[in-house]
Amino acid sequence: MKKIINAVDQVEEQMVDGMLKAYPQYLKRVDGTNVIVRAKKKTDKVALISGGGSGHEPAHGGYVGTGMLDAAVPGAVFTSPTPDQIYEGIKAVATDKGVLMVVKNYTGDVMNFEMAADMARDEGIKVEEVVVNDDVAVDGSLYTVGRRGVAGTVFVHKIAGAKAETGASLKEVKAIAEKVIANVRSMSMAIRPCTVPAAGKPGFELGDDEMEIGIGIHGETGTRREKLRSADEIVDILLEKILADLDYSNSEVAVMINGCGATPLMELFIANNRVADVLKDKEINVYKTFVGEYMTSLEMEGFSISLLKLDDELKKLLDERADTPGFKII
Amino acid sequence: MKKIINAVDQVEEQMVDGMLKAYPQYLKRVDGTNVIVRAKKKTDKVALISGGGSGHEPAHGGYVGTGMLDAAVPGAVFTSPTPDQIYEGIKAVATDKGVLMVVKNYTGDVMNFEMAADMARDEGIKVEEVVVNDDVAVDGSLYTVGRRGVAGTVFVHKIAGAKAETGASLKEVKAIAEKVIANVRSMSMAIRPCTVPAAGKPGFELGDDEMEIGIGIHGETGTRREKLRSADEIVDILLEKILADLDYSNSEVAVMINGCGATPLMELFIANNRVADVLKDKEINVYKTFVGEYMTSLEMEGFSISLLKLDDELKKLLDERADTPGFKII
Amino acid sequence: MADTAKVIKILKCISAKIRENEQFLTDLDAAIGDSDHGINLARGFKKVDEKLPELADKDIGTVLKQTGMALVSTVGGASGPLYGTAFMKAGAAAAGKNEIDIDDFLVLIEEAIGGVKLRGKAERGEKTMLDAMIPAAGAMKEERSKGADVKNILEAGVRAANEGVEFTKTIIATKGRASYLGERSIGHQDPGATSFTILLEAIEEEF
Amino acid sequence: MADTAKVIKILKCISAKIRENEQFLTDLDAAIGDSDHGINLARGFKKVDEKLPELADKDIGTVLKQTGMALVSTVGGASGPLYGTAFMKAGAAAAGKNEIDIDDFLVLIEEAIGGVKLRGKAERGEKTMLDAMIPAAGAMKEERSKGADVKNILEAGVRAANEGVEFTKTIIATKGRASYLGERSIGHQDPGATSFTILLEAIEEEF
């Protein structure tokens, strides 16, 4: 394992420290925890809280700020945070309007966030939850725990965050978050695995001519292994699955080409070149494109494509100002 | 070589295509070239043009937009663009106020940009040039061609871009660019090399326990090879050299922690954690910090630290609005 | 019979064994999960270790409940709430007790299983820790009904748990992270079933 | 004696040889540069190849000038302006000529070297292409002054260029990218000196 770190049991703490020291104008820590909240608490709006394992930077700490999250709760690398930490986060940002938890659909995340919500409700805090499940790699069938939440989560943060900023009610903010969830689909692939620092070795090995299709964001293998193909062919594989899952015909979409952590931007742009062409061909109109690292998996190399189907309401909220370390809309 | 690409001789073109398709609201191409210019030409200001080899994304195309560049000219991977392409860029953005070329100090870049400037001057266009040389890894002594230009260049784009946006004269914009150059220093290291697509193999090999100190941004080896050390020790090595080169005492600085292309953000934040501590210790006040990938080297893993010494004028210009795909100040 | 001191001794033994197996459990999780099960549990039982000294004069219910709470607040992931709930449920069933015998123990195990099922919405046969827990509890109850002694009962439990682990290799996961792999999860043993078996082995050694 | 047809034949041979050596030159550049010298020149001479057919009825000066312009507009990096300038300067010196002899050729080489020196602000001994060019020109001039024939003159040039390449292994680079390496550049031959030697070998073969 080769990493620029100090000690495997310090990565999460020092990462949060480094993030806070980089962005004091945006972020501060809830004392005695790793919970990241806005430097200035906003009290007149629904509070948005999200979180998950560390290793997905800039998610989620990087999305705390105007127009997006109020708190982010990072767990250990790839491990859902514990209920007590989430509870501290909820308490720190709760307002009279209530708290919306944006949770990604993993057994651990859902259980830990729900335990925290129960604790907060016992204190009289209004807490609601949405569960993001945009990854079409796995069937949402009876035989799984449903689709995973991946990069599409960033669209939920953005749009629900913009809605919350308007002073909307908890019910309204939750409804718009659910609308985003209903309309966003993603799929990923990787050509190089990553190593959980404390594990010391990669989650899987890949031959020089192999790729994994249908990976998640926790360094796990995908749904199948194949010979490496060209960027265009890879895009076609991912898009086919996404477009088969939701009817995007004649619609406008926001596109996110998300790098897994070690993917050069050059390769993401080459992928986007094909994505744009295919969508044009299918008469799906691209309203806005985001290319970069939004929801990573440590130093994994690969990318995901997310398509969010838009209507006027979603477009308007997507365009609202956002000012966070990891995501800015001017 | 394992990359998400289609063909080695198409990477530059498809990268530019993918970038333009992602950001039509910001960027367009000068017909028949790979030159990237603002979607809407600004005519009432000095035009800023930069460029260099491809493989440094988001540099430089990602910095075209309000408050930064007017044109970016990408060459082949790690290869300075040719004079005719630069000349097309100059012609496309030239205004009555003139054109400032921001060139990084490499023999090839300097020669190609100067040849283009001569061609443009023959057409009656006012062209001036600044040469960025922020890399303290190599002595600026008689025995080299002077220090290289690396990530500090982004500060030049930002601050000269803000100045140009005010309608300042070519002389004034050039003067502020030179002020930034005089006050910025950088140094880099890597733990993993990168592969120029057409070359097909990495520029160098590194053992599992080795790192290169003092690398540039073109996948080359550094000034020395060492055993890999902790993030904190690495930061200390880089900072020591930077702080020895320019007197930062009692000053305010902007910090850039720049990933080389495949460095997870987690590791950059861990590095920043130490940078912030050391600067605090030395009573150097951090005014603003930028952590991310600003000037990359394909899929190299490593990072650079840049410190820009600020005065009130530079602070003000640094804080001005910038709206480009790769760099936003709200 | 086990008093608080013995329960604490058992917990220490569990903790030691889990921590010894940190890399093994993490490697199992790498194959069909996200490479953290051993790391998670090791972190959790380290915390339990730290907490045990101050529980020496508490009743067994409190010891188990505090163990569960320590796990919930340090392990994270799926196994944190699940093991945490298991210990908290067992603690609730042992509330106020200063001694437990093998019959009490079998009740605690049932309670723990109930907690895991409820929290994780899973059943036997989904390739989770339940595939070791449920057969182990069943085998122990059967031995008990045959009038076997403590040692034999626990041995039967460990044997059944191990068989459960083996069984997990043959099935597709339909709960937890491994379920995303579909057919690819076949051939790999479940990390959680394995960690439960290690835990039961520690109980067998020390009860 | 060389007419336009022969010059074009020589340029084709240069192009073929450079393109054959693309990987070799790139590997040399990987050691002390940025892994692109062969790629850059191959791209440039491919363009030259494409342009040559339309130059068949032009004078030698035009052919060389167009070659230089093709290189300048396709090679990029340091070698693009340098080789481009070299050919353009030679072209200027051959302006209007439809035939050149060995004396003309020696003048063109001198002009080319002057162009490279001026453009790159370098001298002999800085570990650049000049370390092959300057000794080669010197050796050819000397052979010429001894009254040697064309073949011997060009052979002497190639020999001196090769010695120049060997010499670059022994010195520290003080110009170009390799200068950043300091002492680490010792032991490696300069890619540009090598490509010039290949180019001169093609001239020797075809002149």
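Order as written gives the chain letters A, B, C and D; numbering starts at 1 within each chain.
The working rule: contacts are C-beta pairs under 8 Å (C-beta built on N, C-alpha and C of every residue); 3 or more make two chains touch, one makes a residue touch a chain.
Just so we're clear, the structure is a prediction, and the values are computed from it rather than from any experiment.
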Note = Between chain B and chain C, the fewest touch steps amount to 2
Ask   = Rounded to the nearest whole Å, what is the centre-to-centre distance of chain C and chain D, using the mean of the C-alpha atoms as each centre?
value = 75
Query = Where the centres are mean C-alpha positions, what is the separation of chain A from chain C, in Å?
reply = 32
Ask   = What is the distance, in whole Å, between the centres of chain A and chain B, each centre taken as the mean of its C-alpha atoms?
value = 29
Inquiry  = Give me the residue numbers in chain A that touch at least two other chains, ranges are fine.
reply    = none
Ask   = Graph of touching chains, which shape: line, ring, star, complete, other?
value = line
Ask   = If you look only at chain A, which of its residues touch chain B in the complex?
value = 2-7, 11, 14-19, 21-23, 25, 54-55, 57-58, 62, 191-192, 208-209, 228, 230-232, 234, 255, 257, 261-274, 276-277, 286, 288-291, 293, 296, 298-299, 301-303, 321, 323, 325, 328, 330
Ask   = For chain A, which residues are in contact with chain C within the complex?
value = 53, 75-85, 106-108, 111-112, 115, 137-138, 142-145, 148, 196, 198-204, 216, 218-221, 223-224
Request  = Spell out the part of chain C that touches chain A in their complex, as residue ranges.
outcome  = 23, 26-27, 30, 32-36, 39-40, 43, 72-82, 119-120, 172, 174-177, 179-182, 184
